[in-house]
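Common to both upcoming complexes is chain A, partnered first by chain B, then by chain C.
Up next, the complex of A and B:
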């Protein structure tokens, strides 16, 4: 039965606290995913023709970037100043800061380059919290099982074991850095359950955990004498040794004057985050402006193996209304606290605490089958019943979700009185560069941490594991990179890998016109192309 | 053109790996059987064929041979098969050792027979792990074999085959440095004269030949000098292993007639330049030689033709760079390699190469001035010939020719 409603009609029909009815018989998860999850949309995948993952399936928009030409050529490096450091961290989010701090703690000279400003990242948008098995009834084993199960057992058990094992220590470290967490009345850390967890395990700071985390990380990084920070410097290309097999540095471009800088290092840590701003399959995204998948492109060209390039996470509850905030996140914590999802008929259609991919697929099913709600500004969505939650637990929204209230206030919506319209939003890249427990990629000298790395979350991530990963693996990568050894022989910095990639593209008959990494989405700087013709940096 | 590719040393028939049985099935050992009957004929054959030293010198092989052969027979005589290959852009010896080690061993025994060497040392860079492993397996099959016995009988004393992993230093490839290492010392090049033929390993007459040179001998003995000369183009004889790399579509090692043109090598065999960019320069053989430019595309790649143009074939390495490549950066990179490789015993080389490298780095990173350019030019005039070996000369040659062809590019990188 189709009964798609306009926003006004649906809002008029909505009654807070009305009986949402029993849950329908759940659909087989695999069938639900293959029929409705965006990863399975026809035409969304292509097969990679060149590179370490040749022959594997990859999301189309990403494949175009992985199989593109570099933005610079050797001649662009003539007269470019060289800076030397021990460890170069690319990315100024949580993983980059954690890696920089860990490397500096080991005595390495660290340079942290970020293409926007320190802290401009997805880390600050993480609302729900961070997982760590700290409750008496919980255990690392349970955490590991939950992570692997939610990831459809595609995760690497060794990496997951490292992740969950790091959990309690990561929280301890964060507290030492000065981070605030919500506490119970007795002063213990307050925990919430999350979709796909078998115990309450998410520690949090109201609904802006990531923002609070970034606050203390920024302070620590800025204060550390061993860390130099270059803001507004995009990584244009990595540098390789003579054989093109080892990473020995990177070329950075200053965004303000387009001048280039060469950074020569012992090791490079990619902490560049995800790629939401590629808007895969035309989806809106919860990601920040810089999430253009640069790290994947750079690593792939240098020969690093990637994994799960066909698996992305669409967060179930992105805002639909107003268009300005389209794709912005409504935390999963609100469902963990008890908010329900309702279709246009006011009926529940899915257990809200299923893993994210399942819930997203279910929302897409409701909308595609005509049980969605259409605002006049376009789009479609289902209700997230915040008003019902407020009715059952008065004051909870204000106490625990102030960020949500502030954000919806801009849109003239009061979630305490009316439900909010949500639809899945492109949220997270499940895969990424293949790493070991030290964060080392398959290319010597190149490390990856955070969203750009893969292998931990399998084909679906559960809430709270991203913040845990960026700190846990960020610190692992930082420590390992700081200790990675010196080579015998003169240090050669070349673009040999760019030649190799170009040769592979030419032999595969692929066009050489497209250039990557993007650095910023196309709509950010229209008309600005990526030429760095012998631009000279400031002396 | 493909019928001229890999006709001799790298013919698929010869690439049998480390199995002596398969080498024998491919006709291996025949040359040795011919040679033991008349050892003196081998030297004559080499002279007639005008075989050159293919390790980079292009020096007539027979002249070294004659000197060793004529040395008094009272002491041991050594043959060193030089496989230290470590130059940027050169990959030929490692391929020969890896894919056809028996050809190299048989060639070495032929040379030993011709000059009367009773101790044969295979001097191989340990960084070439696969080559070293293949040679070790191959050599084990010759030890104590009937064929080794033939050579011993012909020489009148047993012939000893020995594998000596080198130090892996670039400078260890210099022939007198190899002698030092084989004597158990650090591979410092010696002053010349005396030449190795007079006073080599432990003061004994010693012949040092490159892997590729020796690998040419079995086919030469089997087919004769006329056949050998016919393999080359024009006056040049035989074939050459060209190591083609850089901005070409199909980089690799190509065995082609000696004297093939640069154009054919790049465009017919190398598949042309990447993404159709124009060619800018070619770093040859080492790359411690003069640069080639697009004007040299039709030059024949053999020792004499290149020498006439003031260039050199060197090891046969051709590093092709296209428009879009910074010459200063490349030269700085290669000079850095040589400066790092300098053994340091000659002060002019030690400080000269380091200074050149430092100045080039300054220019390359946008910090250089006109004064730095002037210093470099002075060094180019002062340094050549001031070292025991050719390392410093090579650096100057590379730098000087890059100045001649690309001065504008250096100027652009200077600090305003």
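Up next, the complex of A and C:
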């Protein structure tokens, strides 16, 4: 039954407010996922041969980076200037800023290094909101159940309990930093439901929640006297002690003059975010430019255990059109407010507020089975019926979703008058470095917070839990790292773990030509920006 | 994906002094990448919310500023990627502003330049988000911090207005200050406070709520 349509045909056939038909009988979730979710595409997984997760399944593109050679060697460190600090935070998004602020509140000297500008991160792009169980009919227990269920019970209950327990206090902390949230007419925080939640629980600042959060945290960090910030500094490698078992610092590279710096520290917090810019399975991504999985690579080489390396989130509603915005996000909040998903025939095909993995798989099914809509610029998608939402709730888009309107205005589309074309986009890394409730990884001295950490979201994250995690666990990691014990005695800094990893690669017969972390995607053609690896003789 | 296929006539423009050719649907960022233009370090979100990819743009005799990720290539334009803005000169920590009654005085101390606006419109014409920057600053000077902050709602902190201001007012930071003190002093949501009070009286570690 193939009846896919061109964009023009489908738009001509579309009628706002037309009967979208009854929902079809839902397909068994496991069958739907294994048949259509990109994680299950043939050839997308491989088995890791070396490292703490050897023998486990891992996404192919990520495995290539985890099993790659380091960008630097001991010889590169000769004469490199050394800086000392108590806590080094790598990453300038929400998790990094929260960790830096929490560590500074405990009296630690903090250095925050980011390879872009402070605040350039996935946090600033977040739209939907942040979860906190604050409504009368809601509870931390319900929040916990929703999180574990949507994650297919792969999450660590202790971490999830910490996450949901932190919720209300995280919102208070954010307000104290000066962050605004939408309120009802009586002054309560306005809450929305989300896909997979049993109660309205997502608090938000229109559809600019991440921007509001990030500009406030960025200003807090800049204004804090105890935090030093190095922008345009990529983390090239971590440093270990003589036995290669403990993290004692990192090597940073300045992107403007290619110089290296060594930072010696009591503890390092990885807050490097995700890996959307690896474009797994060739998907577009909602992520910012720096999301190249650097933290996972650095942590893995130093021996940190990772989890769920075969599970990624493809957000159901990425824009298809225009190419300039391909893969960019349309917030789930708009489905929470009532917008429907329609195929080329104008029919509904899935409960829009199912968890994201289910909705994405259903969209891919519609398109693969010939019920998708094809724009002339290429690609395929289904309708997100924003015009139908505007018809049933006039003015809602303008009041609550200004970012969507601003974005589509540039593209010459008015979502109040026509539906928008969407297709799943690579959005989030469900797993990451294994941590405890203090954000400590399995390597002493090394902490992880935010998307780079794993164990909370299981195999699928629900909306609003990422912003909660970055603040909740960012603060936990920052406080723990600041209080972690002084290591008296000689502070030898080495690349012993790099030597160990190279031996393992050679023993496994893996090539040493590939180097990681990437720091930026290949297509940015960085020219002279980042030449220090290219200048070196290959081993 | 960002890869592109050749289609349509090429557009010729100049980026950072380099003559480049790009396809018509490309943004300035994509054109810079495709041609290997060096020293393009200020690129982040690619959707106009991180405010990093600041450019100076010359179209014939008209000169302006913009965000590169939102600017499509045009024949003959000249683009210069601008360096990141300098660190703000205005120092304050919210926790030190304990009394809301003297907030107007504190504002004048922290941002003494704000009252000296000469209405040159430099900030307004430099704003890539169409914010009424000048009005926002005037509201802040008059003590209407909530309204001033609201005027800056879509501010992405590109700080092009700060760069443009001859009086060194730092309007983006004025706007953010207004937004922050509005939340800090006035956002007291009953439903959140009620839940926090319940947790205080019956903390989760107290025996129940363990998985």
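One rule holds in what follows: the second predicted complex is superposed on the first by the 525 of 539 C-alpha atoms of A that agree within 3 Å, B and C clash if a C-alpha of one lies under 4 Å from a C-alpha of the other, contacts with A are read in each partner's own complex, and residues count from 1 in each chain.
Throughout what follows, contacts are C-beta pairs under 8 Å (C-beta built on N, C-alpha and C of every residue); 3 or more make two chains touch, one makes a residue touch a chain.
Quick caveat: nothing in here was measured; it's all calculated off a predicted structure.
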Chain C versus chain B on the shared chain A, clash or fit after superposition: fit
Which of chain B and chain C A:374 touches, first, second, both or neither: neither
Which of chain B and chain C A:201 touches, first, second, both or neither: neither
Per-residue contact with chain A, leading partner among chain C and chain B: C
First, second, both or neither for A:503, with chain B first and chain C second: first
Contacts of A:143 with chain B and chain C, given as first, second, both or neither: neither
First (chain B), second (chain C), both or neither touched by A:186: second
Shortest span in Å between Cα atoms of chain B and of chain C, once chain A is used as the common reference: 26
Set of chain A residues, in rising order, touched by both chain B and chain C: none
Interface residues, chain A side, partner chain C - complex: 116-117, 119-121, 124-125, 132-136, 140-141, 144, 157-158, 160-161, 165, 168-169, 171-172, 175-181, 183, 186-189, 206, 208, 210-212, 215-216, 218-220, 222-225, 231-232, 255-256, 279, 282, 284, 288-290, 322-328, 377, 402-403, 406-407, 410, 523-525, 527-529
Touching residues on chain A, where the partner in the complex is chain B: 73-82, 242, 262, 489-490, 492-494, 499, 502-503, 506-507, 512, 534, 536-537, 539
Of chain C, residues touching chain A in the complex: 1-4, 25, 27, 33-50, 52, 70, 72, 84, 87-88, 91-95, 129, 149, 153-157, 173, 176, 179-184, 187-192, 194-196, 199, 204, 209-211
Interfacial residue positions of chain B with respect to chain A in the complex: 88, 246-247, 249, 251, 274-275, 321, 323-326, 328-330, 333, 336-337, 339-340, 361, 363-367, 409, 412-413, 415
